[in-house]
Amino acid sequence: MLWRLWFIAPMVVALATVVLFPTVFLFWMSTQHWLVTDPDQFYVGAENFTRLLSAKDFWQSLRVTVAYLVLGTAIMLVIGLGLALSFANTKSGTLLRVMIVMPLIIPPVVAGFTWRFLLNGEIGFIGAFLLPAVGFEANLLADPKGALFSVVIADVWSRTPFMFLILLAALQGIPRDLYEAARVDGAGPVAQFMRITLPMLRGPLVVALLFRIIDAINTFELIYVMTKGGPGRATQVLSIFGWRTAFQELDFGQAASLGIVMLAITLVGALIMFRRFLRPAGQDV
Amino acid sequence: MDPTYNRGIAILRATFLTIVGIFTIFPLVWLIIGSLKTRHDALALPPRLIFTPVFDAYHKILAGGILNAFANSLTIGLTNVALALVIGVPAAYALSRMRGAVQENLSFWVLSIRMAPLFSVILPLYVLFKSLGLLDTRFAVALAHLSLTLPLTVWLLMTYFRGLPTELDDAAMIDGASPLQTLLYVIVPISRPMIASVAVVVFIFSWNEFLLAFFLTSRDAQTVPVVVAGLAGTMSFDWPLIAAVSVCSMLPAFLFVGVAQRHIVAGLASGAIK
Amino acid sequence: MTAAPRISLALAAIIATASGPALADTEVNILAFAPGFAWADMFGPSGTEKTDKLRAFEEAEGIVVNMEFADEETARQKVLLDLVNETGTYDLVMLGSDGAVQTFSYAGYLEPLDDYLDTAKDYFDADQVYPQFLEANTVNGKLWALPYYSFGAGVIYRKDLFEKYGIDEFPGTVAELEDVLRTIKAGLEADGMDDVHTLTMRGAPGEEPSLDLAGFVYADAGFPAWFEGGPTTPEDIKANKAKPIFTSEFRGGFERFVEWSKEFGPPGIATHTWVDMMNLYGQGQAVVLMPSAINGFAALGGTQDENVRDHTGFAPSPVGASGKPVQSFWTFSVGVSAQSANKEAAYKTLAFLTGEQAMQGFAESIGWPYSTFPSITRGEVLTAKWPTELLDQVEASYEQANPHYFPYIPELSAFMERIGTAASEAISGEKSVEEALNDLQNWAEERMERAGYYE
């Protein structure tokens, strides 16, 4: 019916302006030899892409991104699920729950600074006082592995509440009588968790993961303010690599090709999750 | 059930919550403490736990141009919420009442729009807003944020609306209501908690966003995260000031979490599950 | 000019014509960094006021000066986007002689200033300035920016700690200094002073370390050892098809910089910027700060540590194996955008903001022994504040400086970024010096190839 089109039209127009134009522009950029340092700008076809895929930096950044994503997500899942289970069956602890959700709403820039300041090896409370007091002397932010771990911690701090909220809501939505029935059948808590809780959480988990992956791949400012991608390139995720390529090395064509590769990676990933897990969503929950 | 088992669970839960609670809350407390110290005290090691609080940093905020950034962030956030809802609610409703391939592709397209990495769309957006003459305006930032918040709005509301029984629409339509009237007088009123929580999520997103705001603004329209990032790069590493601005940047968060948390949970829940 | 900017330029022109009548006074917009510090005599301690000095200029010239301050990183990105898109928002842009001047002048985004020099001689007389600071902003035979505060290389160190470990004089060569650093380190360790570090330098990823690191390379090799034979202009590189030499002649200086950072620097050095350098020294946590001594003078301005205040010494930068001193030479350069609608007024403002009066104001408010005008180095304010010997040494550091101790090529920003990051990698132990330099070399070869140097 026609009214639906009218309802959708403003959205399409709005998104077309702020999204379609930049995207088309991005594709065009990615086919250009466009170095700010070079007055000549010309069409090079897929050259930006072939060069990107043969660059050591790209693969290193991809590895860092994957490590950052997997490590952070795994910790978040564990803590988020633990929190959700802890709060699912209780009305008490509202204040604590509110406090635990707080970091989600704090600007990532602020989160990054706070953690950088805490972990700093010269003046930070944790990095220069607490850790040395327990005999840990390494400077976290200046060590390649330590720096990656540090940004993961800050990321976990800032993003776990999202996972927690979604899982909590999902847990609270599971009908009580399912558990009653299981108990009558003689299922213990572990069996109940495996047979009821986990399957019922599948849909919400996929949504949470989907948002999380998109979020993590685009993480920029948290890492930027904490380490600028360093030391060296130890925390240089793809978005920082792209930023450097565009705004420090002034290679706009190359940066655009990276943008498109990243878009493709997320799109394919999301599409698989979408088709595999979400299409029947609503029906199977 | 076995009481020792239950007690074990309770101890486990308490320990877990204590650890996570400290991990979560400590940085916030440290930030607040930091904002009340002098520059020298803030950097002192071992840390001074007993000190006379000073409010210099907050005075600086009130005195200087930083206040303007708060006004900007607020305006941009609210504009963004208004745009996202006015455009997003009808679209989400229409999508929720469609079935089949068109609906599916459209909603995937809407979702996928969130995915282009920001660094790569900065230059195109800059070119776009420059040609529209909108650089360094609050409206430009609100529009740019819309590219991220509108898909989110549509996605969350669409899944929610789909969960509402269609009998409601049908009843209204039979009474002769137009689709717009149905939306405004039937759907929106019963969805108020969900719409409110989406509004909160959108506002917070816009309030927190850094990269687009960083590039599209210069003098007039700078937002709070841009100011925070800027402060850290100045000559004097003024930690108390950074901390104070950071604490202030959390104010809307305190308000919203206090007031609307219940709705956020309920809203996200239904959005996520359905 | 490129296609996209041309389109947007046309649109911008339409919008510009449509927007309002012209004001009686010409407006000049500036983008710079370090509010309350740069031009504190003009814009006040907050960077948001206008002082009488500035108002007098505005009235005399019929110009309204609009200053926008941002932090350094922000300012750099903003300048880039503004110039590349030929927006023309800013008439005057902050540049820096370590990449931006070179990149943007070759790309045609700046206005050459040679023909303007005579139009505002009352404010800025080029003959009265240390020639090196102008040379630093000269690319391809033309002057593209005027220097605001600027500096040469040097060492700031703690005399009391030197004496404590039996060193009477600051060594003159890099090799001798290495022995001294070792002695001090051993002494500090023996005394259990583990929060004091022997040396503070900067090793953060990005362009941060490159200015100083290039100085080490220059001192070691005796020439800007980036390309075969040491050419510093695109023409010379093209004429000789000079290939990058990051794995050969460049290596000595790079390795020294990395080794010193690892051995004598604070544990966090792979993340340190000049701000950390400054803070560490100011808090009495470092014995030697080099080769950008200016960061040490900055530390002196804000320190609350009595030992630092009372026992700081200055020494000329030590000479490397080649007999040339380690360099660190930089000017806070400001240029006129090619898109400026009021270039004459913009230049006049620039001349005022970088002229003798402005530098006098800088000496009065900040008081560092660095100035672009000999008349101010030797003027009342600085001679009252600093010993003559120190001012002599500072002046000598300009004379010994080769502003072109790194190549003046359009790709300089990209190279600075890569070199600094390679240093950070090697310092943090993420890569060995060998690996880091191999990667740098491969990247450089490819980049130069693509930019058409070897056709």
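Letters A, B and C mark the chains in the order given here, with residues in each chain numbered from 1 onward.
We take it that a residue touches a chain if its C-beta (ideal position, glycine included) is under 8 Å from a C-beta of that chain, and two chains touch if they have at least 3 such contacts.
Note that this is a predicted model, so its numbers are computed, not measured.
Colleague: Using the stated contact rule, I'd like to know whether A-B or A-C comes out ahead in C-beta pair count.
Modeller: When A-C is set beside A-B, the one with more contacts is A-B.
Colleague: What is the chain whose Cα centre is as far as it gets from that of chain A?
Modeller: That would be chain C.
Colleague: Could you tell me the distance, in whole angstrom, between the mean C-alpha positions of chain B and chain C?
Modeller: The computed centroid separation for chain B versus chain C comes out at 39 Å.
Colleague: Taking each chain's centre as its mean C-alpha position, how far apart are chain A and chain B in Å?
Modeller: Computed value for the inter-centroid distance: 15 Å.
Colleague: Distance between chain A and chain C based on Cα centroids, please, to the nearest Å.
Modeller: 37
Colleague: On chain A, where are the residues touching two or more other chains?
Modeller: Counting only residues that touch two or more other chains, chain A contributes 25, 123, 247.
Colleague: Listing for chain B: what residues touch at least two other chains?
Modeller: Touching at least two other chains: 43, 123, 127, 229, 232.
Colleague: Give me the residue numbers in chain C that touch at least two other chains, ranges are fine.
Modeller: As it turns out, chain C has residues touching two or more other chains at 4, 77, 279.
Colleague: If we count contacts the way the header does, which residues on chain C are in touch with chain B in the complex?
Modeller: 4-5, 7-8, 11-12, 15, 19, 31, 33-37, 46, 48, 68, 70-74, 77-78, 81, 85, 87, 89, 275, 279, 283, 298, 302, 304
Colleague: Quick one: in the complex, what on chain B touches chain C?
Modeller: Answer in residue numbers: 40, 43, 64-65, 123, 126-127, 130-131, 133, 135-136, 214-215, 218-219, 226, 229-237.
Colleague: Which residues of chain B touch chain A once you look at their complex with the stated criterion?
Modeller: 5, 9, 13, 16-17, 20-21, 23-25, 27-28, 30-31, 34, 43, 45-47, 83, 86-88, 90-91, 93-95, 97-98, 104, 106, 108, 110-125, 127-128, 143-144, 146-147, 150-151, 154, 159, 162-163, 178-180, 183, 204, 207-208, 210-211, 224-225, 228-229, 232, 239, 242, 246, 249-250, 252-253, 256-258, 261, 264-266, 268-270, 272-274
Colleague: Okay, in this complex, where on chain C does chain A touch?
Modeller: 2-4, 77, 80, 84, 103, 106-108, 203-207, 266-271, 276, 279-280, 285, 410-411, 413-414, 417-418, 421-422, 424-431, 436, 439, 442-443, 446, 450-452
Colleague: Which of the residues in chain A end up touching chain C in this complex?
Modeller: Result: residues 25, 33-39, 41, 51, 56-57, 120-123, 138-139, 141-144, 147, 227-234, 236, 244, 247-251 of chain A touch chain C.
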